[in-house]
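Given below, in the form of structure tokens, are the structures.
Two complexes, one shared chain (subunit A), two partners (subunit B, subunit C).
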Partner chain A sequence: MRSALGGGLGLQLELHFSAMQKTMDPYDAPESTPRQHPSCSLKEYFLAATPLQRRLESVRKQATSFVPTPPRRRIPQRSQLQEDVDPQKVAFLLHKQWTLYSLTPLYKFSYTNLKEYSRLLSAFITAEKQKGLAVEVGEDCNIKVVFSTLLGVKGTQSDPEAVLVQILSKPQLPSEDREAKALWTGWFCCVFGDGLLETVSEDFTCLPLFLANGAESNTAIIGTWFQKTFDCYFSPLAINAFNLSWMAAMWTACKMDRYVAATEFLWSVPCSPQSLDISYAIHPEDAKALWDSVHRTPGEVTQEEVDLFMDCLSSHFYRHFRIHLSATRLVRVSTSVASAHTDGKIKIICHKYLIGVLAYLTELAIFQIE
Partner chain B sequence: MSVLRPLDKLPGLNTATVLLVGADDALLQRLADSMLKTDCASELRVHLARSLPLPSNVNRPRVDLLVFVINLHSKYSLQSVEKSLHHVDASFFLGKACFLATGAGRENLCSVHRNTIVRLARTYRSPVLFCDLEVEGSRAAMAQRLARMLQISAGHVPGVSAMSLLSLLRSSESPSLEDL
Partner chain C sequence: MHAVMMPQKTGKNYQAQNRPSQGSSSYQTNLSACEVKQKPSDSKENNPMQDDEHADDQDGDVLQIAMEYFEKDPIRSLRSKDKILEKHLITVENVAWKNGLAPETIDILLNVALSGRFGNAVNTRILKCLIPATLISEDSVVKAVSWLCVGKCSGSTKVLFYRWLIAMFDFIDHKEQINLLYGFFFASLQDDVLCPYVCHLLYLLTKKENVKPFRVRKLLDLQAKMGMQPHLQALLSVYKFFVPTLISVSLPVRKKIYFKNSENLWKTALLAVRQRNQGLCPEPRKLMLGPANIRPLKRKWNSHSIIPVLNSSSHTTECGKKEMNLSEYLSSSGSLPLEQLQRFPQLLENIHCLELPSQMGSVLNNSLLLHYINCIRDESVLLRLYHWLSQTLQEECVWYKVNNYENGKEFASFLDTIIRAESFLHEGFYSCEAFLYKSLPLWDGFCCRSQVLQLVSWIPFNNFSEMKPLLFDHLAHLFFTSTIYFKCSIIESLKELLQNWLLWLSKDIHVKPVTDSPLDTSLCESMNSVFKLVHYVGWLSTIGMRLESNSTFLMHFILDFFETACDIYLIYNLPLVVLFPRAIFYSALFTLDASILNQLCYIMHRYHKNLTAAKKNELIQKAKSKLSFSSKTYKEFNCCLTTMVGCLWTSKPFKKGIRFSPETLEKLGVEEHKRSLNLVYHSSLLGYAVSFLLQDFIETLTELNIILVLGTLQKLLYLIGERATLLLLC
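Moving on to the complex of A and B:
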């Protein structure tokens, strides 16, 4: 089913919102009070505040200080890439579907040893492929793994640099002039990961968000190598309906010069024998107009505004089709900024808001690790 | 619009009635079955309702405990419970009402954040219980717990009243009145 909102949205929707709609978001928003380091008196008792003790302290503080302020989150600003990065270099990150994983901190990962890691990983992949898992002659040996850093894909100065891993196929004949084709691409990044960076010691590198594009078998092999070499753990990052609605609101709030795609939602209706899907597409300018009428303080997004935005869309749908979208599950959100699926797949379309999108995903990844 | 009141009818002899209010019929039915299977000294009666107010043409016993069942996977169940809360007399929230949130364990399917329910329960000064009604073990444990709460609310347990249970269930970390 498709429902398009024409011009002139009927915004006289009576929605009863009392004070009890305020909710508390457990993960810290970037501008909320930062976790405090253990005070001096504690250090007198502990001879050496180990990272584990520091983490216990921060978790304990978070649990007891239940500050019931409504959660707010910053709207992603326009271009937050640092000046020394070339937008062309990160252009290959856009318009590709990435599968998301969360990654625990890497032990003794060093940015100076990238060539060494490339060599080791190439050897590992070749060995794995020749083990008999993929019985193909010739092709698999002509691959090359390249590690590199992605400059500028980070939020603050204290975030570690993003790392890019690519499996390239070596050209078969030296006379051929074509470039090596990327068979598989994966990159690690950390954008505004202050909450995690404070609690780990110097031996660890925190790159909690991992994005992969390519064959699943390659992702598994590379995951195994990283887990063995750096004692870390990958887990797939799923995005639930609650977070998808936050993403929809934040991305609709982004100011865009030109809209390249309609704002589209996909809901999954739980019914037997097969689940039905409801697809709801809105003209992006109408969605922005709706958001602007809901939005109050500039630069911040609150839980109430997100709920009101989604409820407006649901009640409009109910008025036409008599279906309560709130009884279904939001599965996919697609805007001109980015599109996300609940299985942990993301596609970033607008390079201006790359950092903003990654910041929210890093927050989700950190929340999953903790 | 009739409002549900706790003390407008006389109690039955050795009977305790619980009213489960929630949008998800299947879950309520399973919880009701589990509650009826529990070993209880008093005679338990379980009534199910999708929303309040209840139709007034039916003769029903006095409700001793009111349980609002919210499925965290569906925003609709939260909305219908919120609408039903308007038709409940305030004196129910002195220990005779509680909130039950199900499905918090499966984070990937959650449309409602668990803290929304926590705040709702704090606004109404009532306890909130978390469980997974689709898992047999969790459901049986919760049914036993609710049966015990029901006995106390109906006054069948000497020495413990619904109000004293409410103050016992309030956790030490909950904020004071000024914070809300």
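Moving on to the complex of A and C:
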């Protein structure tokens, strides 16, 4: 139904009594929220000389500030992409659902050895898939692993280049001219990861955000190989409701030439035996209008604004349906920029704001590994 | 051939394993992998991992009987349909699949299976259940191979034996002697049925020195005779790999699967053995699919254990050269692979050329590598360990995520491993510190309690004021709201924390001589932190004693803490003396328990010694030291001491410290308050007084005496009443 009420806010309500989704709230546990890391002061730099000490300093500092000054983040700006970016590769990253992971720094990863890694990883995958059989490092039966860099997918010059890993199925017959089909894709990136970069030595490569698309079993095999080879650690990166609200606000704030999708929120009511999902869709222009009315500081988003934005949405909802959304849990946000699910799944839609979205995700990943 | 005598008690006692073998020198003594880490899993012994040890005992006994049957009864074996045989076979099978078999059991059974005493069916059954508990002795294999030469076993048994050998190859403790039989195995290639299996075995066994021109010729002949067989190609490719010059035939590159999977007969059993060898509980891992766990992916990723398996690093080869040459890598002898590192002397000899593990987390399970980690100060090593440990703790922590309590046991044992490593190194890990900061606010004070408190005691030395809001405030909340036992454990772990800090500081102060001023200020800061810690514990204790209504039990733990705290100056050589709070002093002084009074006196005595020594030193090097003790401390101590002496000795209490006006005392009706707290009448010593009276007078017990004794007792009881009133006032 579409309600005509509500001062310019077109609103759609759907109530799903979904039997499929029985997920209860995994985020009931209080979680501290990520915050921006103040750059090391000069004094600190001298006191804490080695990377490990700097790392500890930052951990202590982070844990100390339980009541942070309200974080501010920049609204993603258009065309932050570097110039040398390959548009084809970027297009390849869009409109796909990626599962997010955080990743600790890679030890002795070298950009000059990508070919070698392709060879070793493909041997490893073959070996894993045919456990117990003799397999030799070298060419394989039917898969091909390709490592490549995603030039330009980074925030600053000091960010390391993003790395793309693809598993392609080889055509069965050499004569076949078909293009190799991608069975699995994953990429590692670091966008505005200065805080993390400061705290590791040069033996490490910081690519804290890992995004995977493809069979989970493949992700597991490749993750295991990376963990074994570069002594790193993957953990699933979930996005809690707090961060989803931030995403909603920041993405609504983005200037768009053309909206391709409605701004939609999915709230979940943890009730037994089946959870109740409330989908709340707003026309993107209405959402933008609401945002503009709560937005004060130009170019930035503050915690108060985020809270206010979400409060407005829920009070509007309450006026019509007498349901307190604050008592439910936000599980998904989708906008024309990107959509994110609390399970740690993301789909980036807008090419212009790719870097902005990645910057926030990198921040979340860094927060998780600290 | 050696007599195979494997040590029965493997693993449980590290010392015992390192003991040189006693008795005959022909014993197999180098049981390689057992020495690093191994669970006692000899099926004849109690298996501590099992819940029902009793049932296991029985298993062991029955197996013992079965083994005796197989070992010593060659005559009856003719009747293979025998019921007894069946019974024993079932026993062996059960034990084998449940716990695996000990090396010597495998030795006996291999003997039986290959000597041809029974029929084919029995031999097959025996071979199928030859699952090692942990390892297989090389000698057993060599003996078994010698049976093959006798020609008593059938072709199918031989095939099964080879398949078994291939499947269990990784569990054989040594391979040198087996490699000596290379020629024998190679000759078996003639046998068309055995050929594929022998090829596989040789594929696993071949070393560079085994590749000889005549063997290559033979293989090529065979290939010419039998056609392009995948197993022969596999062996040829290995040969070509080692000595490319000898083999000019081109081998197809595409085909990489040479062998049929021959281990599938034992697949599940092998998994269990691997888990056992990694020191894991054999119980099946539960997969968490609870609704709260969004993605239990990690479980699937690191399916075996939390702590990664020890593997040599591959960076040297991977990143050093562009093109990795495997043969070069295999034949290189420059560095020592970690898998070969078994003993401490080995570590010392190879410390310069040790390869670090590919995953730093694996050092937790290896005491030798912990030594190594401790003495190298390589930042990247520590960072790798730091990152891994932080993430693992965060991911595994059971109270971090809702409904994650199923893995509590596993998490607890992981924490135990960490604590073992920490106490081995006498050093806390920074990751654990960060973990405590993050997780302690969410902790219920119950889950993994002893582990968490031990982690607290290993927190590296740190600025107390910074740590207080992160850790100690949360700990205080838990302290106030929990049972007396929890209070005691917290005080105890704080005592250990204090000891660790003091040890670390006293070591540190000796490294850096206190000469220049910046170090002096840092020392001041450190001392300030220690001071605040002691002060904090004093504060906790005061409130704790009030909450637990002066519990003697809690008091013991508190005084234990102050026994460490009072000796900082003399024992740890650090310029600090912190007194305990007055409340603790008074409740210890007016205690009902003699041992507490005793402990208090000891602490006062040590305080006295420390303060005197400090004063003396201060006079000597007054100019140099900035760290003078405030006169307040001395005054405070003097006051306590006067009160104590006044109460216990001179019978003049309440002249200093707590004072009562005579009117108050009169009002209370306490007349003889002066004597009531001295050594003779002190209520904590009442028991001794009574027993003294009874002992002395019991022999000459006359009526007069009885009256006297009763009178004294009455007086004592009266005094206790008075003392109680006084205590209320304090």
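Brief remarks follow.
In this section, the second predicted complex is superposed on the first by the 301 of 370 C-alpha atoms of A that agree within 3 Å, B and C clash if a C-alpha of one lies under 4 Å from a C-alpha of the other, contacts with A are read in each partner's own complex, and residues count from 1 in each chain.
Please note the rule applied: a residue touches a chain if its C-beta (ideal position, glycine included) is under 8 Å from a C-beta of that chain, and two chains touch if they have at least 3 such contacts.
Keep in mind it's a predicted model, so treat the numbers as computed, not measured.
Between subunit B and subunit C, C contacts the larger number of subunit A residues.
By the touch criterion stated above, A:Val260 is placed in contact with neither subunit B nor subunit C.
When the shared chain is aligned, subunit C comes close enough to touch A:Glu216, but subunit B does not. When the two structures are aligned on the shared chain, A:Asp231 is found in touch with subunit C, with no touch to subunit B. In the superposition on chain A, contact of A:Thr126 is made with subunit C only, not with subunit B. By the touch criterion stated above, A:Tyr107 is placed in contact with subunit C alone, subunit B being left untouched. Of the two partner chains placed by superposition, only subunit B is touched by A:Phe242; subunit C is not.
Looking at the shared chain after the overlay, A:Ala91 reaches neither subunit B nor subunit C. Of the two partner chains, neither subunit B nor subunit C is touched by A:Leu276.
Across the two superposed structures, the residue set of subunit A contacted by subunit B and also by subunit C is 22-26, 63-64, 66, 238, 342. Remark: subunit A residues 19-26, 63-64, 66, 68, 238, 240-242, 245, 324, 326-327, 329-330, 342 touch subunit B in the complex.
The touching residues of subunit A, when paired with subunit C in their complex, are 22-26, 28-30, 32, 50-52, 55-56, 59-60, 63-64, 66, 104-105, 107-108, 110, 113, 116, 120, 126, 130, 132-141, 200-201, 203-204, 216-217, 219-220, 223-224, 227-229, 231-236, 238, 342-344, 368-370. Subunit C contributes residues 200, 203, 234, 237, 253-254, 256-259, 261, 263-264, 267, 291-295, 297-298, 300-302, 308, 311, 314-315, 318-319, 322, 324, 326, 358-360, 379-380, 382-384, 386-388, 390-392, 394-395, 399-403, 430, 433-434, 437-438, 441-442, 466, 469-470 to its touches with subunit A in the complex.
The residues of subunit B lying in touch with subunit A in their complex are 23, 73-79, 82, 107-113, 115-116, 118-120, 123-124, 173-175, 179-180.
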